[in-house]
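Both complexes shown next keep subunit A, but they swap its partner, so subunit B is in the first and subunit C is in the second.
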Partner chain A sequence: MNGLTSGFGAWNPIAWALLFVGILVVSFIVRSLGNKGYKRGTGQTKVFLSGNEEPDTPDALHVRGDHLYWGMIDGLSAYYRRVKAWHTGILSDYVAWFVGVLGLVFVILVLVR
Partner chain B sequence: MTALTTHAPVLLIAIPLLGAFATPLIGKLGRGARNTLVGLVVLVVAGLAALLAVDVFTAGAPTIYEMGGGTFTFPLSGGQVPVRILFEVDSMSAFMGLITALIALTGAFFSFSYWKDRSGSNLYFSLFLLLTAGIFGMQMTGDMFNFFVFLEITSIAAASLVGFRVWLKQSQEAGFKVMAMYTLSGLFVLLAIGLLYGQYGHLNIAALASRLTGSLTDVIALGLLLTGLAMKAGAVPMHMWAPDAYGEAPAPTSAVLVANSQASLYGLFRVLFTLFGASVSTGAVGWILIVLALLTIFVGVTMALIQNDLKRLVAYGAVSQIGYMMLGVGVGLAVSATKPEFGLVAMQGGIFHMLNDAACVGLLFFASGAVIRASGTRDLNAMGGLAHGMKWTSVCFAIGAVALAGVPPFNGFASKFLIYEAAFKLSPFLAVIAVLSSILLLAVFVKAFQAAFLGPRTTAMAHVTDPSPGMMLPMVALVLVVVVFGLFPGFFVDHIVTPAAKALWLGRDAYINAVLGG
Partner chain C sequence: MSGTLLNAVWQGIVILVGGTLLGMIYKGLDRKLAAQMQGRIGPPIRQPFFDVIKLMVKENVVPDHAVGWLYNLMPLLSLASVATLLFYLPLGGFQPLLGGFGDLILILYLLAVPSIAMVLGGFAAGSPLATVGAQREMVMMMAYEFPLAITFLSLGWTLSTFMPGAHVFSLSVLAANPLWGMVGPLGVIGLILLFAALMIVTPAELAKIPFDIPEAETEIAGGILAEYSGRNMAMFYLADAIKMVVMGSLTVALFFPYGLSGLVGLSGAWGSVIDVAFYLVKVFVVIFFAVIVVRVAFARIKIGQAARLFWLPITGISLLGMLLLTLDRFV
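Then we have the complex of A and B:
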């Protein structure tokens, strides 16, 4: 009743959820076995920033949106250059894409008719 | 109760329509009276949609409603022609009605707090109900011209809602763009309907479907309908209006706009499966849908990755999800001639994802609206540490995000699981793109969640708090939908998704025969 079968695969969320809870419990037990002798407020509890000196202010410490995936976006720069160029924000370009797709769809539909 | 069920198809349109025109008048009595009216309208409409769905799912056959009834007895006999305005509700229409009801209900109650103390809210609610009426109309009608009329009602209401905040120049620009693109879409749809009417002399979907021959005129009409409706659904590369619209519209409106896009997608599916069916090459049309779907999924999610505007990020995520629905249904259409087992699974996945997407994207837009309202900015780079002050909103956003990205055990995974498996059967390449894009979407929301909610409480965001219970409750309601549909997908697939999928995939004859007789 709760699961799904596709005829060639199956998905049971309740079993998955129980497994997930089990893993969480095991993780918690492992965590509780950890070293409790650490000293709060010392370098032991500071965020590790690649050896750089940790900023004092929360604003400087925050990892912002721009800080993420810049390498991946840079690696895909050839793709993004083209895709961003499509998104001009100009209404006549929106219409041009629409008409272009319409023309292509017409050609395909007439050819396969 | 029987009378209510009988008249439910027309009441679903009439009640919000009357509510839309009554709202500015009742609004003169005060905000409380206006909210009571709008709240009652959406509650009654949600009840009617549920009642109609139970009736249609139980009967397993389409329900016909004749405007000003009594002229005909359905199914017709002796070569009679259905010239009256008909509503024809099969399981797919009823399913779509449930989605619209869910979003209208949560959207209206979210709006009560969202628009509190803002001017022009009477007009906002009037347009909101008008849009709701139009969406229901598109889903319930059995007549192509009426479909166009309701399409136009949604276009007018949606464009007005997108540009509603006239004091923001971006809103005005987005509203204008939406108006222009929706008008173009409507013109193409009207031209297609004109061609079909000129050729066959009918506007009723069942009557037209029984007569289509696959002539050149039919093919041109199909191209116009396919492109016009795919554009209004937000399919790439005709999607560019969508991030503008979803991004600039008020948060609750963005959620209803997604339901509006889904109504266009429903119209497209109805046209492809019921109106044209096997009279055109379903394999070719299915592959057109699949190619558009892959583009929509990939471009949507990769564009989301580079956004730093929270609303636009969610908007591109919403665009990408339209692709998953098109992929599932496209796979079903591509193989509908041979009807292998995985075709129905693909249909189930695509259709189930419509409901799941509405809940997840609705939740994300509500949470984004709450965040933007509290922080005063949409720029992710200006946010940070919001979870300190907005604990419940951050939980809601996180659940909506992981569900939309297809992380188990939430509802998004359940529908994507069916799509992945069925798409893999047709071509592993389709499944690879779909899975890869879901992983990328998760990366998108990791970025959004980290940038907005995690990290230390920044100076500029020190004051933020969770929104009022009036805004939290609709979010919690959608969280419940996300979790319950995720934990018990089998129940919902068996009882509401499969009948809807079968109504499209196998139900063309039943749809026609319900009007014209066997």
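Then we have the complex of A and C:
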């Protein structure tokens, strides 16, 4: 069974996929031994909202996508403040950054060599 | 050929069943010892087995606005993906069953799969609290993956300087060649720092206090798992138990792969028995210090604090460890 070899390690995706499917089937069988029933259309199927009235429409329960990385942005706010300030929205500024970083990489490469 | 395959299947069953049972026992020990440390009696060590049996007979509620197929599939994906990890790790002093088919880089990726399954399950629940929990889990993953990757890469790179051309990211090679005896004083300090980083990443990977932020019962009522119940919850419970064994075994394989059989002059079956027993103790010690002591000693931190902690001090510790290992090899 051939796999991918990096020279430092190896990975065989087919072996993993076979193993994964095998264990998935076993997990499915184990789960199917459990109780699958519940009372549809009762208060049981309303989501838990800490005692608040549950709205009937899914839209009213939606949490907006811009909260997605809130923890990361809040935790690293000092970094994000600085980086956001650099984002001027002017194309020539971005090209200048690109050329500058490229030049820096070349200098590092020359120094390393 | 068929004999080899049969042997591999047999070993696979032992690994799967053994890893699950071991995870449940460690989970029981975790709860018992944490209770004892807090002056409580605590549940019996076999309590996790009772919990799973009880969950299996409870109703398996699917919320009204949930994406049903995704909601039901994710617990299975989480359990199956975490169980595959057992086959790439040296367990009980034995070579990994699929050691030649996957390395440390694969393990780094596979460790993310159960968490991604939990995130998708949380989003699919159609509940605001589960969505917030899923978002927190995503941020947690983004936070701890970087120091974890630095730790793995540093170990592999250092070994490559001693063994050029070898498959240095293979767990078999890493476990057979512990770096402690190879590197100089600077390298030993670097290894200690990398070990410390991995010990701090471990409770985050397992979503235990102080990093149980995606579940946070007192704030978001279980968050990512708030809506799960019955047999679906049992699957996540089992996945969590296996992940505990995975993280413990990974730490042991990378930093403490030593056996006792050679030291006491035993070989054959008795040598294997003593090596397996020693491995169980080592995994327990890792779990004891990385999970049990930490969760008794600390309170839950906020998600912003966790992101800052992993991206600044813990990444700093792992980068310093990498730098010291590099200096050790070239200065």
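The rule we apply is simple: the second predicted complex is superposed on the first by the 78 of 113 C-alpha atoms of A that agree within 3 Å, B and C clash if a C-alpha of one lies under 4 Å from a C-alpha of the other, contacts with A are read in each partner's own complex, and residues count from 1 in each chain.
In this section, contacts are C-beta pairs under 8 Å (C-beta built on N, C-alpha and C of every residue); 3 or more make two chains touch, one makes a residue touch a chain.
Worth saying up front: this structure is predicted, and the values here are computed from it rather than measured.
K.L.:
Classify the contacts of A:45 with the two partner chains as first (subunit B alone), second (subunit C alone), both, or neither.
P.N.:
In the superposition, A:45 contacts subunit C only.
K.L.:
Would you check which partner chain A:97 touches, where first means subunit B only, second means subunit C only, and both and neither mean what they say?
P.N.:
Touch partner of A:97: subunit B, not subunit C.
K.L.:
Give one of first, second, both or neither to describe whether A:71 is in contact with subunit B, with subunit C, with both, or with none.
P.N.:
In the superposed model, A:71 contacts subunit C only, not subunit B.
K.L.:
So, does A:85 touch the first partner subunit B, the second partner subunit C, both, or neither?
P.N.:
In the superposition, A:85 touches no partner, neither subunit B nor subunit C.
K.L.:
Just to be sure I read the superposition right, which of the two partners does A:106 touch: subunit B = first, subunit C = second, or both, or neither?
P.N.:
First partner only.
K.L.:
Counting only touches as set out at the top, which of subunit B and subunit C does A:11 meet: first, second, both, neither?
P.N.:
In the superposed model, A:11 contacts both subunit B and subunit C.
K.L.:
Contact-wise, after the overlay, does A:29 reach subunit B, subunit C, both or neither (first, second, both, neither)?
P.N.:
Once the two structures are laid over each other on A, A:29 reaches no partner at all.
K.L.:
So which bits of subunit A does subunit B touch that subunit C touches too?
P.N.:
Common to the two interfaces on subunit A: residues 1, 3, 6-9, 11, 16, 20, 58, 61-63, 68-69, 72, 76.
K.L.:
In the complex formed with subunit C, which residues of subunit A make contact?
P.N.:
Checking each residue of subunit A against subunit C gives 1, 3, 6-12, 15-16, 19-20, 22-24, 26-28, 30-31, 33-39, 44-50, 58, 61-63, 67-72, 74-77.
K.L.:
Along subunit B, where are the residues that touch subunit A in the complex?
P.N.:
By the definition above, subunit B touches subunit A via 176-177, 180-181, 184, 188, 214, 216, 219-220, 222-224, 226-227, 230-231, 237-238, 240-241, 244, 280-281, 283-285, 288, 299, 302-303, 305-306, 308, 341-342, 345, 380-381, 384-385, 408-409, 413-414, 417-418, 421-422, 425, 443, 446-448, 450-451, 454-460, 486-491, 493-494.
K.L.:
Please output the residues of subunit A touching subunit B within their complex, sorted ascending.
P.N.:
1-4, 6-9, 11, 13-14, 16-17, 20, 57-59, 61-66, 68-69, 72-73, 76, 79-80, 83-84, 86-87, 89, 91, 93-95, 97-98, 100-102, 105-106, 108-110, 112-113
K.L.:
Looking at the complex, which residues from subunit C come into contact with subunit A?
P.N.:
The contact residues of subunit C facing subunit A are 12, 16, 55-65, 75-77, 79-81, 83-84, 87, 98, 100-106, 110, 125-132, 135-136, 138-140, 142-143, 156, 160, 165, 167-170, 213, 221, 226-227, 230-232, 234-235, 302-309, 311.
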